[in-house]
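Shared chain: subunit A. Partners: subunit B in the first complex, subunit C in the second.
== the complex of A and B ==
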């Protein structure tokens, strides 16, 4: 920890001891999930993966407006939770929110168009990668201020509690977020008020460039904090969609039935860099290689083969997804930029922006 | 919960220090209570602004200060006058601050105590900064920050604790859990069973002590101070005590709590149990009590006189203590104020 000395200017942690993944748990093959649902979970992970790869390519072609943060390697978390959620449940995500948006059923076309800043985008091209929101899908937004959305998510959960609507809120955040004051305030508040919310830490071992363990005095930045709020300590394999799903359905059910909030830590890894064109070279090579091997899609693919699904069916799914990603890309690229008239709209709830005039 | 001295003055295990020091600290607690009661009375006479009493919390504050070295930093709250005084902050400046005089927030140069923080939790980050600075300079000076149970729900608590633990700085986090944050009881403040166990989240030791027990508080803070000074990093101490008075003079606790609870805690008085202990060791009698009460009264009266005889601040001077050099926008505001009043 603090006995290690690094020059923060260098942003190079590649000579640190690698933090390697645990071996996959084959016993998770036996988690009670119907096969057709597993097929859908495979398909969803393919969608998230292929969409993100395309987003990366488009970014490199300078077609994505602003920055972007990809979830490549982290698909199992979004998949496991989205599958366990009810249609009217709420999702809150960070700027790393493409996967969570798509997983809630938001169509690829408008999301892609939003990344490209087109008028047909999910937010009319005015939000971009970091602000994906679709209230009708329960996707309550992607937020760029670390930790701030956890307090907002509490508001949604509190509203559901007051309305007696049985809706559950799921709020995703990164490992780095656990050291922000807002994290502490949000979890404490939710625990005391017994809010129907599940806090999900996607621990990908890094913040922007800094390894989380350099700035956190406990091994598990979220799970090891649970005790401070009187909550259960929960760590899951964030690269195994079935394990994530199994935990998600338990905790969402608990929240829905008045059992209060939970805090889960899903251990995962981002295949690429933090954002933009960051190649993520500050990480030990052995570590990156090991986690690329421990890919959630590979794991799921192998599981389905073990469960007797013919390879050809999986290939067909992947091909179908590829076609849809192509279509979404075409849709986005051929869409016009936003109408300049739209600049002054969508500031207030009534659609206006009176203060600007 | 660690205890060394029961409410009836019985010793559990060994006393952490001798009778002479016990007498000195007893006397200090009597001074503190005299100040506190005087503060309440002066506010009612309109001579102080809002006052936040600490009656019942004397052992937590005096015991903690006794375990520090004279130049260790103390960064505390509006309810910590006894702690601040014990580390060198003069009574008259504590009074002056409560009259609304900005000079009350400027301790003499050699006093290692920050002015009291009204912002709940904000000062804990400052304490970590001081301790970090000492660490970087290679001194063995440490910092103690005191705060309430309510402050543990602030984001600043979390950031301060995490930073202190990661950088292994010599900071002691002393939480005086007095049962209430204004009208919010401890049970509704946080879901964890104790405040001490919040230390787990930061990989640091957490200790829960009877905060009305001078010996136990001293021992816990001493242990934390020794660890901090030898490079062992921070400690969280929860001193379980009780706010016997109102939150401040603007508060009526009868609206939200049962007076029976207050009576119950009066029976666990932190000063009385030391009195019984001293008495049983032949180190207390009525005569000495009367003598120290008279000394306390005289010292507090003198402090009030000093505070009240300070020439009033001119309107242009209220910003003087804030910055070494006033930023231009405040300089402009000062000018506007002075000219507007002319």
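== the complex of A and C ==
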């Protein structure tokens, strides 16, 4: 293409036809979930939402360095799966892992302190936003190289299988991951070894800055590949925590009872850009507006009202979460930087970093 | 005491550890039913069964990933990467994941994995199946790197690698597989990071690794005929690196030669030359000399490959020239 005939409008993705969400499914009100659990799921989504908003604010204040990948708009996926997991099950997440970490019960304070690079951080300040891990909560790590963690998650599932522990591994990844080799190696490997694992694609329609449909030959980047590995094609509404939960408990139970792996695609949307530096301008305005309307928290709020929960109770939950996010922020801000000596610790299992004798 | 091939010592050493630790498992391509393409895992499937000795698809990332995930959840693993050149296709798991997870998580995660791989040239396999990749592994903080030169050391270092809680790359040299040596009866357990003085001498120190060790020893024999008394150190382990043994030898001989199969740039000998130059400068009576494979991809033809990899003749000549 010569520069004379090149029309930059053609490559401005924000001019593409918007990909609009399907209407919310009110029939999901009738999914069999006790109301007190639904209240907890609302609270959890509030925690993830408010934490991420605060993280964003702290980035803008330059209190958080480096980068961050927020889950704003994607809270229902983390919530639906975390609620369906047993305490000793394993989570593996990507660099977009704040929500998955908190959803496993990791306290907000140390997570926020990690983002701020403080000594009280979850990883002592040595991992940062993209590597949140809390083994004691079954949060086996956030991995910042696309695809790798799917292979590693298989190992945890294999280990559970060998130990006969009935633990299930859940590995989250983005739509972009479906085009890297490690994804295909991992799914194939899990399928042939019948591993107790659930692979969860959070399809937010964009591979970083590029629409996923421009770089993938099938409509559903994960679900439409499932058949190649002998797996069921599963697509769920990733903005409806109840629908996610309903699918999660089925697939986790299947894995726990020896039925092998599953691959599920949860269709969702991120409210912001890919990372801190990205305002997400490549998305059609009409599309962004439609998905903001279809926000998982708004949907869940409306559902609980339909189920007879008074507005005041939901307000109280949101206010309580706001207070806890404030506390976590204060904890992080008032924490000292890491001990300088920690720079040279924990390369090796002996606690040190020496490579010579 | 029994004579055993380097090849048989690999399965023997693995079996010693699998009997000791019933949790220990292994996985890799063609390692179970076929006994390995180099026949280094023959008999292990029969001894330990298909749950502990598992064949995998050609999926190096899946292999090392599974090894890592199992290890971090309580199952020690020996993973085989058939040719060390293939480390390039799973370098992410090795270099970004296994090596860094402990540090990044503030010590929460332990990864007791041994990555066995067939390394080195001499088999006329060409540039993608003959490389010496020890320097690829050595440069990554968080990886230990071991390369035995004798059947006895295969067994002792295998035990040390398996018992070590950190990821260890275990380099088995293809051109040593058929060599034989004495392996003492009973359990053999070495320590990582301990070099061996395999020939004592007073005029110069030759540091070598894996296939370069027997060649350095033969060169030392010829040097002795010329009146040059060479001390030969089998490094055995690159990380941890036994600098004490090297420094004390150089303090005695005043001269240092490294014999490296890896291509020249950033080979392990460069690090040793740097350490000796810094810490033993006043012990040196002459320049440190590195004898390496040139900085080229390895050729397939036997005449060319033999020219590339340091030979006994070349080691001898380069040392004689400098020592004159």
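The criterion applied here is as follows: the second predicted complex is superposed on the first by the 341 of 357 C-alpha atoms of A that agree within 3 Å, B and C clash if a C-alpha of one lies under 4 Å from a C-alpha of the other, contacts with A are read in each partner's own complex, and residues count from 1 in each chain.
Going forward, a contact is a pair of C-beta atoms (placed from the backbone, for glycine too) under 8 Å apart; a residue touches a chain by one contact, two chains touch by 3 or more.
Here the structure is a predicted model, which means the values were calculated and not measured.
Peer 1: Between subunit B and subunit C, whom does A:275 touch in the aligned arrangement: first, second, both, or neither?
Peer 2: A:275 sits against neither subunit B nor subunit C.
Peer 1: Looking at A:152 after the superposition, I want to know if it touches subunit B, subunit C, both of them or none. Which is it: first, second, both, neither?
Peer 2: second
Peer 1: Quick check for you: in the superposed arrangement, does A:182 touch first (subunit B), second (subunit C), both or neither?
Peer 2: both
Peer 1: For A:230, select first, second, both or neither according to whether it touches subunit B, subunit C, the two together, or no partner.
Peer 2: first
Peer 1: Looking at the overlay, what does A:210 touch: subunit B (first), subunit C (second), both, or neither?
Peer 2: The answer is neither, since A:210 touches no partner chain.
Peer 1: As a test of reading the superposition: which chain, subunit B or subunit C, is in touch with more residues of subunit A?
Peer 2: Of the two chains, more subunit A residues are contacted by C.
Peer 1: Once the structures are superposed on A, label A:143 by its partner contacts, choosing first (subunit B), second (subunit C), both or neither.
Peer 2: In the superposition, A:143 contacts subunit C only.
Peer 1: Once the structures are superposed on A, label A:14 by its partner contacts, choosing first (subunit B), second (subunit C), both or neither.
Peer 2: Neither partner.
Peer 1: Thinking of the overlay built on chain A, is A:192 touched by subunit B (first), by subunit C (second), by both, or by neither?
Peer 2: both
Peer 1: Does any part of subunit A touch subunit B in one structure and subunit C in the other, and if so which residues?
Peer 2: Correct list for subunit A: 181-182, 185, 188-189, 192.
Peer 1: For subunit B, which residues are in contact with subunit A within the complex?
Peer 2: So the residues of subunit B touching subunit A come out as 153-159, 162, 165-168, 188-193, 197-198, 200-204.
Peer 1: Residues of subunit A touching subunit C in their complex?
Peer 2: Listed in rising order, the residues of subunit A that touch subunit C are 90, 122-124, 126-127, 131, 133-135, 140-141, 143, 145, 147-160, 162-163, 169, 181-182, 185-186, 188-189, 192, 342, 345-349, 351, 353-357.
Peer 1: What part of subunit C is in contact with subunit A in the complex they form?
Peer 2: 25, 51, 56-57, 59, 61-62, 64-75, 77, 92-93, 96-97, 101-110, 141-142, 164-166, 193-194, 239-244, 275
Peer 1: Can you check the complex and tell me which residues of subunit A touch subunit B?
Peer 2: Per the stated touch rule, the residues are 1-2, 179-185, 188-189, 191-192, 214-218, 224-225, 227-231.
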